[in-house]
Amino acid sequence: MGIASLDLYSQAIVLFAALALFTSFIMLAQARMMPLIFTFAWQGLLLAVVTVLVALVSNHPHLYISAALTFALKVVVIPWLLYRLSVRLGMQYDAEAIAHPTLLLLGGVALVIFSYHVAQSIVHLSGLATRNTIAVSIAIELLGMLLMCARKSAVAQVIGFMSMESGIFFAAVVSTYGMPLIVELGVAFDILVASILFGVFFFHLRDSFGSLDVGQFNRLSEANQSMPLREAAGEPSAGDPA
Amino acid sequence: MTLLEVTLLVPLLGGVLLAIVGHRPVAGWINVAVGVVTFGAALAMALEVFADGPQLSPSRMFYIDAFNVYLVVLTAFVGLTTSIFSRPYMRHEVERGRVTDRRLRLYHSMYQCFLFSMLLALSTNNLGVLWVAMELATLTTVLLVSLYRTPEAIEAAWKYFILCGVGIAQALFGTVLIYFAAESKLGAGRDDTLLWTVLHDMAGGSLDPAVITLAFVFLLVGYGTKVGLVPLHNWLPDAHSEGPTPMSAVLSGLLLNVALYALVRVKMLVDASLHTNLAGQLMMGFGLLSFTVAGLFLHRQHDVKRMFSYSSIEHMGLITFGFGVGGPLATFGALLHMTVHSLTKSAIFVTVGHACQLAGTQRIDQIRGLIRTQPAIGWGLLLGTVAIAGFPPFGVFISEFLLLMATMKSWPWLTIPLLAGFGVAFAGLFRHMQRMVFGEPPPGQKPVEANMLPVVVHLALVLWLGLAIPGFLSRWFEQATILISGASPL
Amino acid sequence: MDSQLTAWALAAAQALLFIAAAPLLAGWLQRVKCHMQNRAAPTVWQPYRNLSKLLRKRMLLAQNASWLFRAVPYIVFGAMLLAAAVVPLIAVRLPSAAIADMIVLVGFFALARFFTALAGLDIGTAFGGMGASREMMVSALAEPAMLMAVFTLSMTASTTNLSVATGYILEAGLVLRPSFLFALLALAMVAVAESSRVPVDNPATHLELTMLHEAMILEYGGRHLALIEWASQIKLMIYAVLIVDFFFPWGIATGFGAKALAVGVMAVAAKLMLLAVLLVVWETVLAKMRLFRVPQFLGFSFMLSLLAMLTHVVLETGG
């Protein structure tokens, strides 16, 4: 149905969903750490607002809980954690060299088209006025995945991971008015634990590699496995009790 | 308190307890004791299910039938035997200075939490909780993979975390889609829409095919990543080879099974509503690809734990293929293969762990003459490898034979790649084995304190399953097969 | 017949008003900018004074200037004049609007730009060539972004005619269209780049290495320069009016009554003044970016317009 036939609340839902998609694109191209984290927080805020609006329109009070969960995790806890860690690790002004930013953005556009195609086959099941946003939620998820694959900094990968999670949460909100409460709580718990573990890992990465650039990971790649000269180069082999 | 509650709560409380006392010498024994209680409760529960049929907990949150109860028992059992092995192993690691007290405490606590998350994943009736438990299994093990804090271990753990995270997120999306499909049939506002029993009862033709197909693709990618299916397997050899060996044993032996269990559960739903073999064919494709590719990769490995990790991918590929073929015979074979692979692979990792401590390295070309220095380890490794390569009279042979038979019956042409794959994998495993076991030991190589009890028990069980599947077990498998494929293999 | 005549007369009056008001907008812009930067501001009539002075000045032509060099100012000014005639300024449904649509409008811009670049090359000085190549690079990137944004709007209104589209948006009332938001941002960025404003170009500077547009017209003087300057003021105004028409059309006259027309004039004047203030804030806050960052800037605007198109297809139609 065309957007003009929706009421203003539903229009606002669509608008905020589009803005959340936009933040996904911004994150894709944002090389600097601090703006990346803040953009992620903005996305969380937009999705929380959408959830509240859906709750208002559809009269599903339990969606307020998931909006609160989204707000607490995606706007407060995780950005704050990432911010603190970046400051502690002295990398708040770091910028990452993104290879082929234009290609990346075009890939993102291709993913949006793909998610539209995917969503086309399933939206007819939904009776919701805002069902067109299902495609946007899939796109946010896939863009998060693209972010994880394309970027080499650990922080960007974490943000991609969390953004995927946001997209899925959003999909649940707009397609089915959210998942059962126990599942949502469980997922939120998992995300919380994951974000803490990521924090622990940042320190490990820094201690072992001197930076959070996971692009230099190559010790375990299959290409290096066939090099029998590893000990000849004086490098300790994996699991060697040095 | 029901037996199920005991099975779930004991490891959880054990994890909490070990978080407090896990660095003391007694912790290893507590770990074993928790394992014993869990295994006892699981076994008793299995007997109950065996006698009275499937059980649904009053809150409908848990559902135990013939399919998952045997995996619960298997998980509890391998969890127990590995904890027996891990006690002297971890003590040795502490003595060598690779593990500090704090990390030992983390290890013990997370070991039990990991077992809890797997048991929860197996026994829950809610597809959403199943996902939560699978993710929890990743979260509890990721710090164990990096326990040694070497750059390799950190890299492996990060890859494990990120790749499994990406993968498992797809599974969550698939779960959302299933919920979406079910809600549009059952109506909104019900809180039981994600329960497997509810879905399975209503699935017959009423879930929207387009949505359910899409959901299955996402779930296959998601849980397939955790199973280690090629091309989503990249993390597996790293994670399984860089962590402490008891972790390798439970990851390879158990976690892969649990992920595959989730996939098969979903496949049951999809088959019931699609009336085509799409899900099966997808699983066959991925399974066969993993089987072949992993077999080839076996040849390039220089790290013994890595090599056996690839062997795990290969076998999981075969099992996935078996479930994909469907039909009673293949399903029976796949279930049996799950069991024997679990037992054999954890036995192998236990032996390999001792062998690496003995040689002081994981490099294949530096492990020499095991059988002369410590015959128990040498023989254990040899027999384990013989068993996993599918030699008669071990159980792996029987299950592979059944799978081959089933393939010949329904997809005759596919027996050729299967046979070729067996050959390639066999050659890959044995090209290194001879020198590792029989060669000249390097000077100064001394025996280590080893507990070979788990190896002996596992290999004996595998041998027993190869010679004659005991009556109660075959009936049990039969029940599970009927559940999954709808017909009896016998 | 009589109403036809009135309508054509109105259309002609609107076009004349358009080109007459363009320097005023530039003057207002200059004045606000000076205020914002705490400088003594010239009057808003300053551009008119500049133009009349230039018009009166003797022309100096380079020795090797060809006929092309002499013709370009008239071509450029003519293209802008025609473009201004089709953009609804104070009223929609004027007959002149049926002559050309948005795509022709983009074509007029391209025509003007093409000849300006040729004129820059014609003299054969280093600056002219450099300016021409830079201008072409910018326009090659800006044009697809602008077209994509314009297409988004015309898909919504199911027409490429400017006047009809504006009327459609006016009738639809307040609809929160995400695609319009993205298209607005994209169009604003394109407008900034195309009318040689900060951060892509700086109209106030003649610093050799940073010039884009100025470098091409460096050899012009007198009447020619006056025409070119005037044309670029008209171009800025066209962009501003386009933005106003598409995104905030309220107030524009739909009938030809005197009251409606008066409201239309007031409304468009107020909106343009406000828009100019926003532009000044933007120019004051941002610094001019390096030339090599310009493709990124325009790439971003292209992505925005692409996103506008996508959100239109995905979110606003279908179902």
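Labels for the chains are A, B and C, by order of writing; each one numbers its residues from 1.
Going forward, contacts are C-beta pairs under 8 Å (C-beta built on N, C-alpha and C of every residue); 3 or more make two chains touch, one makes a residue touch a chain.
Fair warning: this is a prediction, and the values are worked out from it, not measured in the lab.
Using the mean of the Cα atoms as each chain's centre, the chain most removed from subunit C is B.
Measuring from the average of all protein CA coordinates, the nearest chain centre is that of A.
Distance between chain centres (mean CA atoms), subunit A to subunit C: 39 Å. A straight line joining the Cα centres of subunit A and subunit B is 29 Å long.
Separating the centre of subunit B from that of subunit C, both taken as means of CA atoms, is a distance of 66 Å.
The residues of subunit B lying in touch with subunit A in their complex are 96, 98, 126, 128-129, 131-132, 135-136, 139, 142-143, 146, 148-152, 154-159, 161-162, 165-166, 169, 172-173, 175-177, 179-181, 183-184, 188, 191, 193-194, 208, 210-211, 214, 237-238, 241-242, 297, 300-303, 305-306, 356, 360-363, 365.
The touching residues of subunit C, when paired with subunit A in their complex, are 172, 174-179, 181-182, 296, 299-300, 303, 306-307, 310-311, 313-319. Note for the complex: subunit A touches subunit B at residues 118, 121-122, 125-127, 138, 141, 145, 148-149, 154, 157, 161, 164-165, 168, 171-172, 175-177, 179-183, 186-187, 189-190, 193-194, 197-198, 200-201, 204-205, 207-209, 214, 217, 219-220, 222, 225-226, 228, 231, 237-241. The part of subunit A that touches subunit C in the complex is made up of residues 1-4, 8, 11-12, 14-15, 17-19, 21-22, 25, 29, 101-102, 105, 109, 112-113, 116, 119-120, 123, 131-133, 135-136.
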